[in-house]
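There are two complexes below, and they share subunit A, which is joined by subunit B in the first and by subunit C in the second.
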Partner chain A sequence: MKKYLAILKMQVINNLAYPGDFLGRSVSIAVFLFIFAGLWQTTYIIAGTASINGLTFANMMWYLMMAETIELGRPRTNRIISEQVKNGEVAYILSKPYNFVLYHFSFGLGDGLMRIVINILVGILVTWLLAGPPPSLLGWGMALITMVGAWILHFCMMALIGLAAFVVEETNSFELIYQKFVFVLGGMMLPLDLFPQWLQEIVRVLPFPYMMYAPARLFVKPEFDLFLQMLAGQWFWVGVLVVLLALAYRGSEKVLTVNGG
Partner chain B sequence: MTAIEVNQLTRAFQSKRKAAGLAASARALFQPEYNTVEAVRGISFRMEAGELLGFIGPNGAGKSTTIKMLTGILHPSSGGARVLGFTPWKEREKLAFQIGTVFGQRPQLWYHLPAIDTFLLFGKIYELDDRETQKRIDLLAEAFEIRDLLETPVRKLSLGQRMRCEVAASLLHRPKLILLDEPSIGLDVVAKQHIRDAIRRMNQEEGVGVLLTSHDAGDLEALCKRVIIVNHGQIVYEDKVSNLKRKHLTTKLVEVRYAEEVPANFRLDGVEILKVGRYGVKLRFDTDQTAVDSVLAHLSGVGELVDITISDPPLEEVIAKIYREAAPASS
Partner chain C sequence: MKNIKFLFALWKANLQAALEFRAAFLTQIIFMMINNGAYFMFWFLYFDKFKNVRGWTLQDMMLLYGIAATAWGLAAYFFGHFTTLGEVIANGRLDYYLSLPKPVLLHVLASKSLGSGMGDVIYGIGSFILSGYLSWDGFLRYVLGVLAGVCIFISFLTIIQSLSFWLGNTVALSQIALSALLTFSLYPSALFNSATKFVLLTIIPAALVGTVPAEFVRSFTWSSLLQMSAGALIFLVLAVSMFRSGLRRYESGSAIQVEV
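Entry: the complex of A and B
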């Protein structure tokens, strides 16, 4: 276990090697939040109401802040695996005594933690200015707990896509398709509460809401029933995807061809 | 004890084939055609523990593919191999504790961080305790003369400095065997010498076996006792380096300088004259066909000798000759 912690730590140190670049990336969350604030302010004014399907403007902004933090902090494992397959670095990764998938988990988490922390800090600052004070401590607690499962789900999906690189090398297009599913069905652009009832019911049987909607919604409206329901669904999907990932890894190991042989 | 045993190892790759142009590209979308390339074709050899074995061949000969199968990264198409008692592609993680690897063209050190950070990380990955890691770092820092480089970000090191750190890193966990794939590629003479000295030292002191691929015959001469030459995925030559020289270095190069002018019609039977200058001659002959003493006797008969140099052709030429002789008619 120690080795995976060491890899995580190494990636944190690696991010600190270029503090300027690292801080620069945090600007994007501020830009997104300003744009969303403009859009939703207009929407609420045109609708002439203080709350849409139970969500106020402030709720909406804090929801989006949490969703953006997760999107920007999710692992980029597929891109890293693609890159390593293309430049042959994967040969080193595979010739060390650790599990390839867990290596990428630690590597991605080291990266993700740094980005999540900086995005939450910048996000709080900007959202507080635009929409008023943040949700209650209970909201924070539920959001942070469900973020763990959400991050793991994202990791499994990105790693599954990344393993495809062993066969096709380039996986960006798969990631784009996946990202659009999360944007729409995961409730990143729009909380699921605003979807028509029938669509909500379909979406809830898919893994996507657990990756984005769960922590963001519980953050602004912490409800105990929903929390348990979301946790259960989340870890059910974690189980499914971990099994899929393990199977996919076993299969892909055999077809791997290292470039430059 | 045997470190590596390879039996009829074969690896084929499928690669897409496409003619030039747009129409062919469109056709390839629907009816892709594949070429099967046999990178390694039934290689068998043994390597003893602690041996320094050179594995050389031209680009595309199958050297790296073989190394990747021996580390367990690639599954072979057929055939078998045991490395330190493990079947590499089945027991990759267990084997990884016992071997070190360097792929010369790719960095394993974290590029933006000082090498010391990677060394410490490797200590954790190979499950060494912190004191042991520190002791190894001290020893390797001295053997590879990298003490002053360890705290500089890797991206700021020269290629030669970086390679010394790379090879040192691969030895951190006291492997029984290291597989070095082109460790001297792109290095200047001094840097090559540095790396070779350190590798030889670690081999002598710790008994670590070294399997080294290279297309630099200098690495072979300086480091290896035995050599395997591969071409087109097959072993074309396997022997001691000293035998390689004895059997194949049969031509000699001779340069002579005289006190007086060389006669313009200078000739010598059974000898190839490369150059006739005003006071000197350069020639080449095969010791199997022309006796050395008859050549020397003739040369000293021409005039008063001031200087004479007799040398072997570079090993590279010898190896190139072996490649040519072994080239299969089919390819």
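Entry: the complex of A and C
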């Protein structure tokens, strides 16, 4: 455990060395929120109502802020594994006395933590200016708890995609498509509440809503029943994906070919 | 004429290089098309609920995506270094291009090709056809809009990345500029207030690669044509001047660089 904490700490320190770079990158959350404020402000005016499917304009903006923070803070594990396979560094990591997957978990968490903190700070500032004060403390609490499960789900998916690099080396295309599925089916760009009923029913049996919709929706509308339901669904999918990841890792180890180093 | 022949020779070499890894090239194209299609699902869901936003319908959004994706794809496929020019400058990799009797900027930009760009082009054309604006004059206006878009994408990023001659590494800055330009270009300017619209026509010319060409295809107006062509010309002149002016300050170390 100690060694994984050391990896996490090392990555946080690495990121702290370039605060300007980090702040610069958080401009994208401001651009995203600004565009969506324009879109939803117009939509609410045209619809002539203060609430659409139970969500007000302020709810919508804080929802989007939380969803975008999760997206920007999700691990980029597949890119790192892919790079390590291409440059041969993977041979060095595999020979060390730590578990390859857990190494990437700690590395990704160290990296993601910093991005989440910076983006949430910039996001709060921009959203407060665009839509008024943030939701209640209960919302923050439920969102933070479900963000843990959401981050683990993202990690499992990114690691699964990353392990494909053991076979195909380049995994960016897979990540792009996965990202778009989370954007749409995960409810990042549009809350599930606004989906047609038939699609809501399909989407709710997939893991995507638990990665994005769960924390963002609970953040703006903290309901205890929904919280328990989301938590159960989230950890069910964590279980499924962890098993899949363990199996995939075993299989990948056998087919890995290292070209350089 | 000599430069055009040179460009075609570069493009031919890039294509031959890509075809060496045929499966990877095709995969990039197909995946980019799926990626764009998946992203566009948002608009299907949005318009399923709201039908129309300030005069923009699902068909209009298809047109907007068609133009922006084709313009981006052509720029990425034929002038692939336009997103990484800053790194070439900061890492002293211009030495190779300077030693050859060819126009430096053109040579750098066209010496790289992003295979995924072809996926954007195919998606963009498909999206334009499906938008319902396909007619002879509509097609001509679409081509004009795309050409202006290509010119603005490349020129804007060349301007930002030419700052590397003065500032050194501009990777983070160019990423921000690129992300802002691309993101804003995929939404109609009608969503924003006048001040933002002005910014999107000048400082971050996203409206000139998205909204303005889309409005031009929807119905011909001299004002759209003027905005597009003047914008493309001004940004092109600025990009070339800035690159040339920066090039006079260029210096590099003695690192051995290999350009493939």
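Points to keep in mind about this one:
The criterion applied here is as follows: the second predicted complex is superposed on the first by the 260 of 261 C-alpha atoms of A that agree within 3 Å, B and C clash if a C-alpha of one lies under 4 Å from a C-alpha of the other, contacts with A are read in each partner's own complex, and residues count from 1 in each chain.
To be clear about the criterion, contacts are C-beta pairs under 8 Å (C-beta built on N, C-alpha and C of every residue); 3 or more make two chains touch, one makes a residue touch a chain.
From a predicted model like this one, the values you see are computed outputs, not experimental measurements.
On subunit A, the patch touched by subunit B and the patch touched by subunit C do not overlap at any residue. Residues 24, 27-28, 31-32, 34-35, 38-39, 41-42, 45-46, 48-50, 52-54, 116, 172-173, 175-176, 179-180, 183-184, 187, 190-192, 196 of subunit C are the ones that touch subunit A when the two sit in their complex.
For subunit A in complex with subunit B, the residues that touch the partner chain are 2-3, 5-7, 10, 13-14, 17-18, 87-92, 94-99, 253-254, 256-258, 260-261. Across the interface of their complex, subunit A is touched by residues 13, 39, 64-65, 68, 71-75, 92-94, 96-97, 99, 101, 103, 105-108, 110, 112-113, 117, 120-121, 124-127, 153 of subunit B. Residues 20-21, 24-25, 27-28, 31-32, 34-35, 38-39, 41-43, 46-47, 170, 173-174, 176-177, 180-181, 183-184, 189-190, 194-196, 199 of subunit A are the ones touching subunit C in the complex.
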